[in-house]
Amino acid sequence: MEELLKVEQLKKHFVTSRGIVQAVSEATFSITAGETLGLVGESGSGKSTVAYMVMGLYQPTDGNIRFKDKNIGKYHQKRPLELKKELQIVFQDPGSSLNPRRSVGKILELPLKIHRIDSQFNLRKRILDLLDMVGLPKEYETKYPSSLGGGEKQMVAIARALSTDPSLIVLDEPTSALDVSIQAKIINTLIRIQKERNLGYLFITHDLSLMRNIAHRVAIMYLGRIVEQALTKDFFETPLHPYTQMLLASIPVVSEEEEKIKPERITSVGEIPSPVNIPPGCVFHPRCPKKMDICSQEEPTMVEYKPGHFVRCYLY
Amino acid sequence: MNGVLEETLTTIDDKRDDHRTRAGRWWYQFSKNPLSVVGLAIVIFVVCSAIFAPWIAPYPEHAGPYVNYGEANQSPSTNHLFGTDVFGRDILSRVFFAFRSALLMGIVVLAIVVPIGVTLGLIAGYFKNTWIDTVVMRITDIFLSVPPLILALAITSVLEPNLTNAMIAVSVMWWPWYTRLVYGMATSIRNEYFVQSAELLGASKFHILFREILPNCLSTILTKMTLDMGWVILIGASLSFVGLGEQPPKPSLGTMVSDGARYLPEYWWMAVFPGLAIMLIVLGFNLLGDGIGDLFSMEES
Amino acid sequence: MNFSRYLIRRLGYSIFVLIGLSILVFMIARLVPGDPARAALGPRASEEAVEQLRSRLHLDQPIYVQYFYWLKSLFQGDLGESLFTRRPVIEDIKEFLPATLELAIFAGILMAFFGILFGVISARYSNTWVDNLIRVFAYLGIATPAFVVAIILLLIFGMYFEVFPTIGRLSAWIDAPPKITGLLTIDSLLTGNFAAFFDALKHLLLPAISLSLGGLFQEARITRSSMIENSKKDYTYSMRAYGVPERVVISKYLFKPSIIPTISILGLDFASLMGNAFLVELLFNWPGLSRYGINVMLRKDVEAIVAVIMVLGVVFTVVNIIVDIIVAYLDPRIRLVEKGE
Amino acid sequence: DSQKIVRFTEAWPTYIDPAVAADFSSSVSVVNLYDTLVFPTYEGEVVPHLAESWEISEDALNYIFHLRKGVKFHDGTELTAQDVVFSINRLLTIGQGYSYIFEPVIDKVEALDDYTVSFTLQEPFGPFLYALVRLYILNEDLVLSRIEDTGEYGDLGDYGKRWLLTHDAGSGPYMVEEMRVEEYLHANQFPDYWKEVDPDAPLEFRFIGTTETATVRTLIRRRELEISDFRQPAEFYQNVAKEEGVKIAKMFGGSTLYCMMHTQKPPTDDIHFRKALAYAVDYDAIANQIFPGARQSKGPVSSILPGHKSDIFQYKRDLDKALGELKQSKYYDQLDEYPIDLIWCAEVPDEEKVALLLQANAAEIGIKVNVVKTPWMKIIEEVATPDSTSHLYLIFVSPHYAEAGSMIQSKYHSSSCGTWEQTEWLEDAELDRMIEQAIATVNKEERFAQYYAIQDYIVDLCPSLFLIDQPENYAYQDYYIDWVAAERAEQGERVNPVMGYNHYMLDVKVYPEKRDELLKK
Amino acid sequence: MKEVLLDIKDLQVHFRVYGGFLKVLNGTNMRVYSGEKVGLVGETGCGKTTTMKAVMRILPKPHGITPEGKIIFKNKNVLSLKTQEIERLRRNEISMIFQDPTAALNPVFTIGEQLLDVFRYSKKNDGLKGKTLKQMAVDSLRAVALPDPERILASYPIQLSGGMRQRVCIALALANQKQLLIADEPGTSLDVTIQDQILRLIHRLAEERNMAVILISHSLGVIREWTERVYVMYAGSMVEEATTPKLFSQPLHPYTQALMECVPRLTGMKTNEGIPGRIPDYFFPPTGCRFHPRCPKKMAICQEEKPPFYQIDDNHQVACYLYKGES
């Protein structure tokens, strides 16, 4: 399959007055067309930073980002227009992803105009098509964001992302601000569109149960590092990293079957440390129930536990 | 800027879907607060009396170089509601005409200041943490480091004292307030996701500044403009109070107050009525501005 | 500690602003049409004399060189000579500044104290007649220019009832206290001269009220709205919910965060107060820097104008620093969080 | 603290250094702080003062004065001839204030001994004795001890200017107690004054630096002011006269209101144009309505001055004549292209009324006048060159010493061009010659005859509109002060024509008990 | 028979806004027995917090009004208590953990000042003074597993992480021996691992003190794991009530069922279309059953009248006309 995005040894440090924030220290992954890579992690673990680097909102401190075999690791303003067309993003907060002073029609029109997708006369039809694609009635064209609900806003944001006919969409927690009843619909739409258009998704979330339902592969981030990466099925069957296990164990679930999947109770302790003061050695060792001496001394490297299943832990 | 206007108009136009009800709701909410309605009434009154001064002033010729010492120093009466001044001129008529230069001052100053201040604020806010931000905002801070009235006085005094220069001086002092206001909004709006998506879609800087960010500042700007009409007029009156504004014999409220103050307490009406007139204008725009501000903040929530 | 770093940054920033202001003011001074040397010497002076003075004043040099010479003499305390009083401007400033400071400080205290007081009362009894009364007064107070207030006060209390003096800082028959700080109220207290103290206070009252009224009500409004806003915040409810008595919730947990915005705009209100002093000192014949300022402005006495503005710029900067320090002291969010985070 | 105080108001700035003082408020102060060789009387004569007697040489070029002995300066040292020499030298060196009177005439001044001083003139100067009332004697030692090194007078540093701004070095009846710039001048009676002083004369005076009408009004009502300034609008006097015990004194002190016309700038360079204006003005309205109690000027010289020509031609309002003159003017067809500016002094509010009246009068014959309010300092600045000078200025002028020559010279001699006293820019060689000759004439009758001729000549030239002789109106506390000048004015007698001398404090008496009486009511 | 601690009866809460009222609570009923852990679940904006604020009597004045209903706490109607009584109640009987720990802590006072005040006024009658109070504050922070309590007492809220703030809030809420703890979505704004810690902590403390707990959440998973009995709320009223296992095994109300369907499962591979529409506008709420516009099984009657609770069995009741016959 065609490899869309390839990210290697990505690193991003922010210089602030508090010190250097090591937001992302090591991220390596790839996404092929039609595939969803789920990026999971606690708040502050650097998920959004990765997404923003892919989009060009941040310039990587180090590492490579290749899109369709071209190096794109630069600031978005320096990226060619065609590239912007290929890559789209849906943000976390539906409330702020739409300009409250522009109607839905205008919002959807903007990308079409910038990328000259269609002639003036067809614009409106395109807009209606887009609305239809995300399941919104055509009256919405003239509505303003303030009269939409959170889910509907997010649908418009998705429609906007789709408008340029991209091949990869970054979804940064698109549903975490919404209720489950609304989330379901969005997830479904996303899956449907992916199938129709063979899109690649970089799907960011902190909700593992959701991941189970949408991602083909899962990558777990902790404190700026990807600590485990695997096919979804493998991942939930045999979570390897102690952190992954802790995460899974903490998830509240609604049924007995799920309860069974959860690893035997590893109680979660401690909080994720500040990315300014990264612990030495394995960054997880202060919270790790299985830590060994070496863990606090040297950082483990990624190992391939079995084909396609990578983990960063001395246990393996 | 034409584009922005068009944008705004179409924005309003697009909202026509429920135009009647919306306008109705606005009026309903606005009129909920009687003070806002009073403000609107005052503003309408002042504007009308300025426009129609030649027709409604009982003695329009008194607004010019007119003297009639026989009628001088008359206390308020039915002939002269506000009395007459030491030249025998009808104070009420002069107040009506003075509204003209007062409003003119407010309008001209805002017309100069708002585009400049807003544009600079947008640019500095959008380019936050770059040298552009630093340069613009530091200059703004310098202008804000002395009370505006004082610098305006100084500038007018070293130039010729007249209405034009007063307007220039006040404008020089006033734009930073808009820059700072818009800067604050722009810095937060530019972090909103909708601005970032426009960027990622490849929209031009112009589009982002004036079509994405600016429309979101408009309601605040409009509110401030309404309030500022009052404040600019007040500053103008202060300048003419010390003789640095509109020059006699053209009537101006500040000059009328300071001239009248010489004849206290006997001829109190000469200072008090023009003084109250200034208060009325400022009050009107204040009430109206607050009403509009409330309206917008209610619309947004 | 963080706080001292905050302070250092704040001070450094003020110095920057003052230097910027000096450039601005210098440029304004250069706006004056005509040749300053010729203006100083008068029409009958010879061309050589003018030329000489011009080179003594560095007027024959490029403008930025002039600026640096000017800045240098500024640092040496040489502010030039006033055409109006024919004295070194620095002398004039020393003479007039204390009167203005005394008036401004007194008015500032009135403004802050009563502003907060009215605001709290208004919020506490919001939507009752007390609140409505205060709000109506607030609108009127804010909208009435200080000079109109001054005239009305003069008319009523100075001329009609004759209960307050209307001119100067001290009655002629009262011995002025020796000059220590230059502020008559303080000097007279320090020397135990109570007659002078009360007399000075009486003189202060009307001009100070005229100056403070606008700002006072502005403060009241801000206090009111921030109290009402904060009273909707979870943290006031939480304190109630944990059984802290209403009285304490309001006077402590609601009051402190609510006056932070009030105090932070004190600086601004103080600015307009200082601006208005230019008009009010004239009306009350207050022998202060602002009246001097107007006089030199009306006479285009450039050196003096420049000096007055610079001095007021410094005063104003100091006030802003004080305000910022108080705010930072009250509000840990400012003190502890670094800028740009 | 004594209650025997006289307080009066006047406009600031005030310079009490005799080498700088020249305007009204400065003169008022200086006359009380310093002594002069001779003293001006109310009748317009001069009498011995510091000089007990003098001799004039035949050729009128040498004057010898014999000084009074035992006169003390305020610091207790004795006043000697050397101080006189110092004072005139200092005045001439500094070149400000009244120096212009002496500068062209004095050749040298010497102390012959401690009590004899000799003045040698360059050329005969008729009114020299009258001029001497402007030579105030300073204490040389004191001044020299107060010199600041940085100044423009070489070895003499600042020549004591800075110190003398707020201190005195005189021997006059009053000495500076405290001077607060822009606020007040407070002076106490000098206990060792050489002349006998009436026990009711004020022990102190305070000159308050404001003309703010409301303030002055209040101070009078509260009996905290004995004498007002004379710059108040007519309404003020009407109102304040209603207070119990307050009276208005009208003193014709020589102050004359001119509307000066620029004779080098079109269209006022045209004599017919000027005359048209002169015939258009409604003099009666100015004299009766704007300045009640004033009278229309008779020619260029105040009618109170010795040497004034009483039967001189007066322009009267006559619109036909005005139009007739205007038609003869070369600008008649193009009046619209020549709008003219009329400047009035921002510090004198009543001038605005005159300005507006002139504007209206001019409009009646089709001349468009712009009225411009300008602060005094700015007027001084703009009249310095003919180009920056506007067409018309409304300005009050007073004589510097009590003779028509003073006014003629300072107003119309070409040397005064560029000062506020002559914005006409009348650089007329013939007139200059006539004035110089008249001034040099020692014989009084002859001199006056020449003055008359000059006055006719000027009226004919019509460089200014001679509007009114203005009485200085003072509100004063008649009930508890006796003020010689005011009483004379009331009786219709002359007041002192030398500016400032009506405020000679020894000619005032105060009765504090009566003041208390008034306050109790 | 368990003792009834709190009984909310037909509670209505309206908010006065421009032009009328937001009729948020629409006859809410709820009962809590002493020592019991009750869950309250519902979507955002359905009125969970509002109900609890009404119980604490801290609805915003003067906008929030309670035109109808009773809140009986230990046989006293909270709504009609005098100020002093309600303050005593808050001090000694009921406590609440606020939804957003950041908003619930006053940003301009140190944790110590706030905690000490709570102790000072709640222990006033015991005559305790400075040192002891301080010690109690330190202890209370230890009790919520906060390391280095001394330092935390001297810190301002912004100096703490989200998890620490949440713990401080718990310490504040549990400053005194309370009988009922209302925990409004504790830890929801935090990460799952931290949320898990917080919920465990609350659970432990409740057990130790034998407190009744009302646990509010919009996450069905949390409710299932930490409560014994559940109320499901929709748009201002309860639609279903059951013991926890019962509700999860056999949800009856169409809303509960739909909600349950929407939850993504760890077992995966089950997706559905969600519930169409969204929470109604409280300004013009739907008549009858407020869920009817979104309900797949709505009937004519649903639009007309609000359904009462139908008792399905001992510990299961549901407000839906579908079950009219079964009670």
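As written, the chain order gives the labels A, B, C, D and E, with residue 1 at the start of each chain.
Going forward, contacts are C-beta pairs under 8 Å (C-beta built on N, C-alpha and C of every residue); 3 or more make two chains touch, one makes a residue touch a chain.
If you're wondering where the values come from, they're calculated on a predicted model, not measured in any experiment.
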| item | value |
| --- | --- |
| Chains contacting each of subunit A and subunit C, listed by label | B, E |
| Farthest chain relative to subunit A (centres taken as mean CA coordinates) | D |
| Centre distance in Å when subunit A and subunit D are each reduced to the mean of their C-alpha atoms | 90 |
| Centre distance in Å when subunit C and subunit D are each reduced to the mean of their C-alpha atoms | 40 |
| Whole-Å separation of chain centres (CA-atom averages), subunit A against subunit E | 32 |
| Chain centre separation (subunit B, subunit C; CA means) in Å | 24 |
| Subunit B residues counted as touching two or more neighbouring chains | 243, 261, 264-265 |
| Contacts with 2+ other chains: residues of subunit A | none |
| Residue numbers on subunit B that touch subunit C, as the complex places them | 35, 129, 138-139, 141-143, 145-151, 153-155, 157-159, 230, 234, 237-238, 241-244, 257-258, 261, 264-265, 268, 271-272, 275-276, 278-280, 282-283, 286-287 |
| For the subunit C and subunit D complex, residues of the former touching the latter | 34, 39, 42-44, 83-88, 92, 95-96, 154, 158-159, 162, 166-168, 171-173, 175, 282-283, 285, 287, 291-292, 295, 298-301 |
| Subunit A residues touching subunit E - in the complex, by the definition given at the top | 42-43, 149-151, 179-188, 191, 206-210, 212-213, 232, 236, 246-255, 257-258, 261-262, 267-269, 271-272 |
| Of all residues in subunit E, those that touch subunit C in their complex | 53, 56, 58, 60, 62, 83, 87-88, 90-92, 95-96, 98-100, 103-109, 114, 117-118, 121-122, 156, 158-159, 169, 172-173, 175-176 |
| Interfacial residue positions of subunit A with respect to subunit B in the complex | 55-57, 76-77, 81, 84-85, 87-89, 91-93, 96-103, 105-107, 110-111, 114-115, 142-144, 146, 157, 160, 164 |
